[in-house]
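The data blocks that follow each hold one structure.
Next, two complexes with chain A in common: one pairs it with chain B, the other with chain C.
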Partner chain A sequence: MIQGLLTVSAVILSLSILLALYRVAKGPSMPDRVLALDMIGINLISLVAVVSLIQETTAYLEVFLLLGILAFIGTVALSKFIEKGVVIERRRD
Partner chain B sequence: MFTALHLAIIAPFIAAVFVPLLYKKIPSIHTGWFVLFVPAILFIYFLQHIPTTSQEGAVTAAFPWVPSLGINFRAYVDGLGLLFALLITGIGALVVLYSIYYLSKKRESLHTFYTFLLMFMGAMLGVVLSDNMIVLYLFWEITSVSSFLLISYWYEREKSLYGALKSMLITVLGGFSMLVGFVLLYSITGTFSIQETIASSSEIVSHDLFLPAMLTILLGAFTKSAQFPFHIWLPDAMEAPTPVSAYLHSATMVKAGIYLVARLTPVFAVSGEWLWLVAGFGITTLFWGSFSAVRQTDLKGILAYSTVSQLGMILSMLGVGAAAFHFQEIDNNLFVGATTAALFHLFNHATFKGSLFMMVGIVDHETGTRDIRNLGGLMTIMPITFTIAAIGSFSMAGLPPFNGFLSKELFFTSMVNITEFQQFNMETFGILFPVVAWIASVFTFIYSMILVFKTFAGPLQKEKLDTKPHEAPFGMLLAPIVLVSLVIVIGFFPNVLSYTIIAPAMASILPSLLQEGQQFEVDIYFWHDWNTELFMTMGVVAAGILLYLGMKKWKGVYKLFPEKLSFNNLYDQTLNKGEVLSQKVMASHMNGFIRNYLVYIFAFVAAALLITMFYKGAFVIDTSGMAPITIYESVLVVVLVASVGVMMFTTSRLTLIIGLGVAGYTVALFFVIFRAPDLALTQLIIETVSVALFLLCFYHLPQIAKNLEPLRFKAGNFIISAAVGITVTLIGISAGSSRMFESISGFFKEYSYKEAGGRNMVNVILVDFRGFDTMLEILVLGIAAAGIFTMIRLRLAGRDEL
Partner chain C sequence: MKSNDVILQTVANIVLFIILMFSVFLFFNGHHEPGGGFIGGLMTSSALVLLLLAYDLETVKRILPVDFKLVTAAGLLVAVGTGMGSFFFGAPFLSQTYDYFHFPVLGELELATALIFDVGVYLVVVGITLTIIQTIGEDR
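And then the complex of A and B:
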């Protein structure tokens, strides 16, 4: 029963990643793509969590923590890039 | 053991080291005086070997060099080696004496000259006195190199460099070929020793590699001895200083090939190919050299072609002498005489040609020109030089009472005798030999006359000469006078040489014919009775005089051979066309575009792997060991393919980078579902950092537009990328299907806690079982970081300076 539910949720999450991917591909604007990427990151966290439940292991706890950080950093970096054209600003001297 | 003999061979090299020192420290005395001691002492030293070689046979002394490879510096002095050693040191001493007066102390850099000359002398001694083929080859190449250096002695002249390059290319080509021949001989006999090879000659003849070995060695001998058609380097080598021409290009180096042929005669001469090749090339060279000599207008040019022709003559006699091997003993063996004649003429040629070169050097030195069109009437001004020229030339033409007459008679005898040889088609085509020999002798007579009479007779053309001609200083005349007196002495008393030098040398060339305690009968005398040879010589003189007097009428013959068809032109064109062609070939594929090189690399990889798989039948599919495919993997594969597809068809660079990130994260997910948490963690971080780096590049590269050109379909690229993909996939499938043995992962599973005390197997492998790899990967990262840092900082620094 639980296994079945987990499988269903994994499939749903996968579909959601696919949909987000469509947005990444299609655009039309850059922020659309960045947001889609962020969404993929969040969905990945859930997916990894579900997978670790399916595989009955705690080995992936670090993975979804890390994914959370990375998705955040990535989105911030991309946003900054879109806005200013640079990710890391150089000190003016 | 290192003996006095070894010391004698390398003494010139040792002396060469001190020459520059003497030149710098004692500038008041001409360096040549010091150098003169070396060949003089060596000559006396080698003279002492005459009793030994003529009575007891050879002197041997081995010095191990690379014993594990069978390479020993084994010095071997027998009759043949001694004949050459005496020529090298004797004429070497005379040439050094001559060069002291020829080369100015003030203008020339004498230390380089004498260093090169001594190098050459030592190398030449090494060639003729080495029994080991590899050592012989070593010295052989040193003669090529030192000859190259000596020809280009006046290196600011373009012609000197051209001549030096030409002689280098041709002789080194032959040298390499000879090395191949030696290695082939080694593979037959298992020894590099020439004497041991001769001892096993009967086994060599029947071996498959006999003919290749013979041909490659003969190519070496022919190029070195300027045989047709490799003679073209010798006339161009005349740009060297005259002492060099006299020494290298008449008496010694060009005879190295003759030496090689004579030395290996006992190995190869039983075959008919040897007889025909050596005698045939010799006689062709004889004719072509003498024929070409007549058209030359430069004195040294005449002498160069004359040397070519005389070398051909010696070689043809050596070739004909090979017929002697088909008889068991020396009694009634007609063909032994040819070898006698070859050795006798070898010696004679060195004497008269050396003196003639020195004579030409004197004429050049005292009048400022070597062109016979500008010369004439020097007979009364330079009487001694004229006497030298006359004796040398008449000897070369084969007139009595000089030594050339004797050797020419012997030459005709051997050429007439060979027609009676009953093997190898000699009885039918053999008649060509005396006929060609006779015609060539007529031309020899003509150019010998040109040499004397165009230079010394006729009117003096003062206005064409740069300087006022006068007789040379006595010191300069000394060396040629010694040589021409030898010409006369040997002419009158030829048997001085018979049993001291020629008979022992024959014993080394024809060893199998001698019984125990036997000796070759060498008896050379003027009067043979009224026989064919004498009439041939009379015919030569008669026809030669007629043709010389009527030369203007038939000189047009030479116009029949246009410059374009000459061998020189062939050589030049080969070099030029070769250069152009290789440039074209290089330019056609090395065009500087990385995409082209990638095409080559990928196409090669795909082709090599596919062809190997096809021929080896390596493709296997075995589904038995495969795991079932789950829904998660299928979905992830779809995501991965989709992201790759997006990357291929997008026109926005940002989309490209994001697509790459998606692919990377998908791979991380694969790691998750294939239960590799450490990999998944690392992959996620690395992917993020890479995407950030790509964005950085995107921003910092100014030439790259924000949007890409839409990807156009290129069939070639498509085929290659498809081929690479298919190849790798097939190999993956094949490798997965053909597992040969159990993997070692069981060990890690069992022992990672027991032995290393860690439960994380991946990390235990990384830092414990295989910590070495990790260390070096840390190093890689360190290098990359340092490299990036350096590149950024250095680039900025450079920009500041600009």
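And then the complex of A and C:
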């Protein structure tokens, strides 16, 4: 019962990642793609959580925090590149 | 155009310490569970990259006046030193040992000499990633 529910939710999360991938490929502007990549990162966290429940292990617990931090830093870097043209400034005015 | 990054800077000031604590946790977790010197060093350098994104290169150099090439050299020296240290006890190169110690607050802990080798790996990873990023970030 629980295993079936977890499998169904994993399939739904995979479908959501696929829809976000369509937005990454099609998206007319650059911010659309950045937001879709951020959404893929958040969905991956949920998918890893569901997979760790299916396999009944706690070995993936660090992966959630790691994916959250990396998705945040990647999104901030891409947004800064879109807004200012440089990722790391030499001297802020 | 003058831009205002007050939200990004405020968030970075708080999140920086969370990421640093997480990297220390990953570093000390590596003996029995997933983690270790490599991923701990990568998380520390990603925290400093967040600081570089929120502020600029010269501010980070002012609040953290460290030459990261020297950090890499110190890490390699520590790693080789743990390997050479086993010669003093008549053991082969890089052989390791462990023992149990009693601490006042923490209780009984297992301390292994592999931890000192991990410190070397940590310093090398932090030094090399930040040297690469700072060198690429300098646009002049």
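Quick note on the criterion: the second predicted complex is superposed on the first by the 91 of 93 C-alpha atoms of A that agree within 3 Å, B and C clash if a C-alpha of one lies under 4 Å from a C-alpha of the other, contacts with A are read in each partner's own complex, and residues count from 1 in each chain.
As a working rule, a contact is a pair of C-beta atoms (placed from the backbone, for glycine too) under 8 Å apart; a residue touches a chain by one contact, two chains touch by 3 or more.
Quick caveat, the model's predicted, so the values are computed rather than measured.
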State whether A:L66 touches chain B only (first), chain C only (second), both chains, or neither. both
Once the shared chain is lined up, is A:E89 touching chain B (first), chain C (second), both, or neither of them? second
Return first, second, both or neither, reflecting whether A:A77 touches chain B, chain C, both chains, or no partner chain. both
If you tally the residues of chain A touched by each partner, is the higher count for chain B or for chain C? B
Footprint overlap on chain A, where chain B in one structure and chain C in the other make contact: 59, 62, 66, 70, 73, 77, 86-87
Could you pull out which chain A residues touch chain C in their complex? 59, 62, 65-66, 69-70, 72-73, 76-77, 80, 83-84, 86-93
Show which residues of chain A lie in contact with chain B when the two form their complex. 7, 10-11, 14, 17-18, 21, 24-25, 27, 30, 33-34, 37, 40-41, 44, 47-48, 51-52, 55, 57, 59-60, 62-63, 66-67, 70, 73-74, 77-78, 81, 85-87
Given the complex, residues on chain C that touch chain A span 2-3, 8, 15, 19, 22, 26, 29, 33-35, 39, 43, 46, 49-50, 52-53, 55-59, 133, 137-140
Going by the contact rule set out above, which residues of chain B touch chain A in the complex? 631-632, 635-636, 638-639, 642-643, 646, 650, 652, 654-655, 658-659, 661-662, 665, 668-669, 672-673, 675, 677, 680-681, 684-685, 688, 691-692, 695-696, 699
